[in-house]
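Notes follow once the structure below has been shown.
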Amino acid sequence: MGKEFAKEWTPGELMAVAGAHLIKDGDIVICGIGLPEVATLLAIYTHAPRAKILMEQGVVEPKPVQFRRGVSMGLADPREWFRAKCFTDYIDIMGTTLQRGLVDIGMIGGLEVDKYGNVNSTLIGSYNKPLRYFTGSGGANDIASLAKKVVVIMRPHELRRFPERVAFITSPGFISGKGERERVGLRGGGSWRVITDLAVLGFDEETCQMKLLAINPKVTVEEVQARTGFKLIIPEKVELMSPPTIEEQKIIREILDREGLYTGWKQAAKGS
Amino acid sequence: MSVVEDKLKTMEEAVKTIRDGDHIAVSGFASTRNAMAFAHELIRQKKRDLTISVCIATLETDMLVGAGCVKKLIYGGGRLDRFGPFWNIDRAKVENRILVEEYSGLCICLKYLAGALGIPYIPSKSLLGSDILRRLQETAPDQIKVTECPFTGEKLVLLRALEPDVAVIHAQVVDREGNAWIYGPLFETKEKARAAKRVIITAEEIVDTEIIRNDPERTVIPGYRVDTVVYAPFGAHPTSCYKYYDYDLEHIQLYLEACEKGEFEKYLKEYVLGVDNHWEYLEKIGGAKKLFSLKADPYYGY
Amino acid sequence: MGKEFAKEWTPGELMAVAGAHLIKDGDIVICGIGLPEVATLLAIYTHAPRAKILMEQGVVEPKPVQFRRGVSMGLADPREWFRAKCFTDYIDIMGTTLQRGLVDIGMIGGLEVDKYGNVNSTLIGSYNKPLRYFTGSGGANDIASLAKKVVVIMRPHELRRFPERVAFITSPGFISGKGERERVGLRGGGSWRVITDLAVLGFDEETCQMKLLAINPKVTVEEVQARTGFKLIIPEKVELMSPPTIEEQKIIREILDREGLYTGWKQAAKGS
Amino acid sequence: MSVVEDKLKTMEEAVKTIRDGDHIAVSGFASTRNAMAFAHELIRQKKRDLTISVCIATLETDMLVGAGCVKKLIYGGGRLDRFGPFWNIDRAKVENRILVEEYSGLCICLKYLAGALGIPYIPSKSLLGSDILRRLQETAPDQIKVTECPFTGEKLVLLRALEPDVAVIHAQVVDREGNAWIYGPLFETKEKARAAKRVIITAEEIVDTEIIRNDPERTVIPGYRVDTVVYAPFGAHPTSCYKYYDYDLEHIQLYLEACEKGEFEKYLKEYVLGVDNHWEYLEKIGGAKKLFSLKADPYYGY
């Protein structure tokens, strides 16, 4: 099938493909369900068959793709544990693997991400006056603190999700700038990529500020900047996010996200 | 050396041993293996001022907070998976109705591990540079310190050991002495059961000790740590129990809708306070027909 | 069968009985093989059916009494693991149980024990000039440091095994006297009883020095003192060590030590 | 997602990856589940200046010390059970032929645990007031410190993390990716496999990954931690391997007598250097008839 691209695709599929392409063969990846898992499995099913998927609740390399009934509701759902190679525990994944320094890529989500790649999944409002509480850390802070590379997956890409400074640093990126992670004593590499429905973003080596790397072929650089609450570093050459190949799309639609829950392909097909 | 200890009690008796103000480490992870039947009885017996700890918050945690049993919550965050948020917990936090010590998932596990190992603290490399750490340093300075490693000079977060008064663990299989088998991933089950001063096991199945001896590698919690055993089939409903039954989507949605709409009291009256015990609850939620519809397939485990 | 005593017995049987009588129903006991295990199982088979036997390699409540072939050679021998209720690991027994403070009685052996109940199992010679090395700690130091009560089982009771001061403190008793355990930060209760083929010894509450509590009915107080390298505290009333009841002896000879490896009953019977 | 990784190597190839000076955490406990076939090949390949660590010393440790492969031993003591002492280790210590860091059993496990958790040290309440501590403070001050707890003020022994270059673990069952099942008590197997930078599994049996997936609770070491898998039936001989075979009393006595009489070199020449590989060794010790005489009964496990 090679490199023939799908004719139509959804933003969710674009994100899954972008996530998958970040994973190298042999990488150890920690992720939760949803797009992070679809992206990781897509990599494993295509170019990275030796990548390992770990889940924080204590599940190693399951085959979470074949359901007896219903849909998977989260890491706590035994659907996610199906045919695992090892059932272990939270400390074994997040302590003796992640904190031990073995995790190549950790994928997290959140409510907000700021220009230094700090992620808030704790509250809206402010540190001192929260208006509403959300998930908090779970394993997100640990992943952001300790993984070699952190991928933040967030959508929709909109102004309020990309503030100059997050209301609460649940999961530190580069905190307040270059050298700050080292100063506070963090070991992991910090935020490496942010994947949204509009773009793939990275961080400038000098300033540790967010930089546009690639955009959804259906949007412009200006649109991305307009929906971002701080000034993005925009290099001369901005790539286009890769659409799914026919093979990738087939795997997404027939194996990994048959109901379109995460990539929205089924819903888009109905809507069109 | 046949079975000489029978720790089996009724749920009512087991819950009577909990005192107001106790620190309970609760069972499970988000929407699975919660000790729901135990939580229901805690609510019926009107336990108050509890401290609840858990790595990732559970439906049980949310229900106990909603029912006003909880004074303090020590946890690592979490939501009810894709089912929805924990309305009771999130609102109680905004309204400052409960005290909260909020960590990351790993840090809660490490705090239990230190408690289990009988050491006063354990170092960690997590939390550094975060507002989670900042808030803990402001609100719980006796629980956390940032220091430099006396060997390497690197910055470390020292986490104070957590030693719950009681750990309540829902297990698939247990004998009357408390030797418990748990199928599926373990979350922080081992650490919290070992950190706690007392352990109560609620279980789907009570087996003879000779069955336990046939496969001792499976024993996650040995009987010598366990004080009380309670027979509670479908004791995790509406959360799932791997190899025994699936989550009850319908019932969880009903719960979440009630919470969202501010009708949690009504839910409580109907399903918890309105029944005398777990057997009545199982009838109330739909009886045998419902239970068989949730029953796990042996191959898939749900 | 009640309290009818056996007519003849060996010093080993006397020691096993003395050890068993120290165990209360429900006690959690850590012990190795040999007389400590025979004593612990004897208690479980008689007055303490709810006592729990734990072994440091990670074995909980086995039934190490029924052999397919051969004899048990140690904690590493699967004969000791037979029909356990839980297979776990070293840290779970010695860390999350012993260091956690759950062990009521720990039984250890050694080369030497001194008047403060310090035990040496590391070397002969001196701290700076060892002539020969032996077992070292294994779990013994941990047990001596952390168990609520420590029982030292040692034989034969002879001068060189009971020096004023051990050559090397592998497992601390009261170190150099009262309050010293607290001063160095130890939590456990320290040496509580010493059982030998001649006597049962305890420790004086005021001085923490070794005190004679009971003697083998076949020896005199003077003989015990003569075979001890320091002055024992000898109370006005010294008890006689209890001989095995007929029931106890039956359990020892028919179940726990059928070959007489530890209590020597079979060898004594042949010799007589 | 079928099996995509084949980490299976010959013993010769696996041992070639060990460099002189490496720190190896060895397998087993005293006289059981030693990675003997691996040790034999280490000796045949004349590896030198190794650091060996283990909770309780093993026959393998003693043999490597006797063969002159070992520069430093980090361990918690031990003897070869009732079989006898470790002549090679004990004599090398008296004659100062090896460096020794000697702890208690728990402390070695805690040192591995700290290494596994990625933290530079872990506190303990053991060793205080002992000459073990005194000697370590004199000879390895960078490995151990006595401090006061910043929370409670109590005295603590801080144990530096141990991170071996390689852990060599003999397991009963493994797949080609390295997912390993181990029957019986685990000693410090889990911690040392997680503390090490590389893991080599030698095993009695190589199974398909689908067999592993049938019972993932049994997987003690997941494949993602494992670098190399070696097929080594009777690879623990003359030590026992639970559920597979009993100790070989005759051979262990022969070993100990040789050591005691100062004829260890002769033993080595006969059984290790005098054979080319493990298969030849199995013939040398008595071949099929001997192996079947040691074979474990499925019920007793030995």
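Going by the order they are written in, the chains are A, B, C and D; count residues from 1 in each one.
Everything below uses one rule, namely that a contact is a pair of C-beta atoms (placed from the backbone, for glycine too) under 8 Å apart; a residue touches a chain by one contact, two chains touch by 3 or more.
Predicted model, so just to flag it, every value in this text is computed and none were measured.
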| item | value |
| --- | --- |
| A-D against C-D, pair bridged by the larger set of C-beta contacts | C-D |
| Rounded Å distance between chain B and chain C, as computed from the means of their C-alpha atoms | 40 |
| For chain A paired with chain C, centre-to-centre distance based on mean C-alpha positions, whole Å | 58 |
| Chain centre separation (chain C, chain D; CA means) in Å | 29 |
| Overlap residues in chain C, where contacts from two or more other chains coincide | 84, 87-88, 91, 95, 99, 146 |
| Multi-partner residues of chain D (at least 2 other chains) | 110, 117-119, 124-125, 154, 156, 183-184, 217 |
| All pairs of touching chains, each written as two labels joined by a dash | A-B, A-D, B-C, B-D, C-D |
| Sites on chain D touched by chain A in the complex | 1, 4-5, 116-119, 177, 179, 194, 209, 212-213, 216-217, 219, 222-225 |
| Of all residues in chain B, those that touch chain A in their complex | 28-32, 55-56, 75-79, 81-83, 85, 89-90, 93-94, 102-107, 109-110, 113, 124-132, 135, 146, 154-156, 183-191, 239-240, 242, 246-247, 249, 296-297, 300-302 |
| Chain D contact footprint on chain C (complex, rising order) | 33-34, 55-59, 68-70, 72-79, 81-82, 84, 87-91, 94-95, 98-99, 121-122, 127, 130-142, 145-146, 168-172, 175, 180-181, 184-187 |
| Of chain A, residues touching chain D in the complex | 28, 44-45, 49-50, 52, 54, 60-61, 63, 83-88, 91-92, 95-97, 99-102, 146 |
| Chain D residues within the chain B interface of the complex | 110, 117-125, 142, 145, 147, 149-152, 154, 156, 158, 160, 183-184, 217-218 |
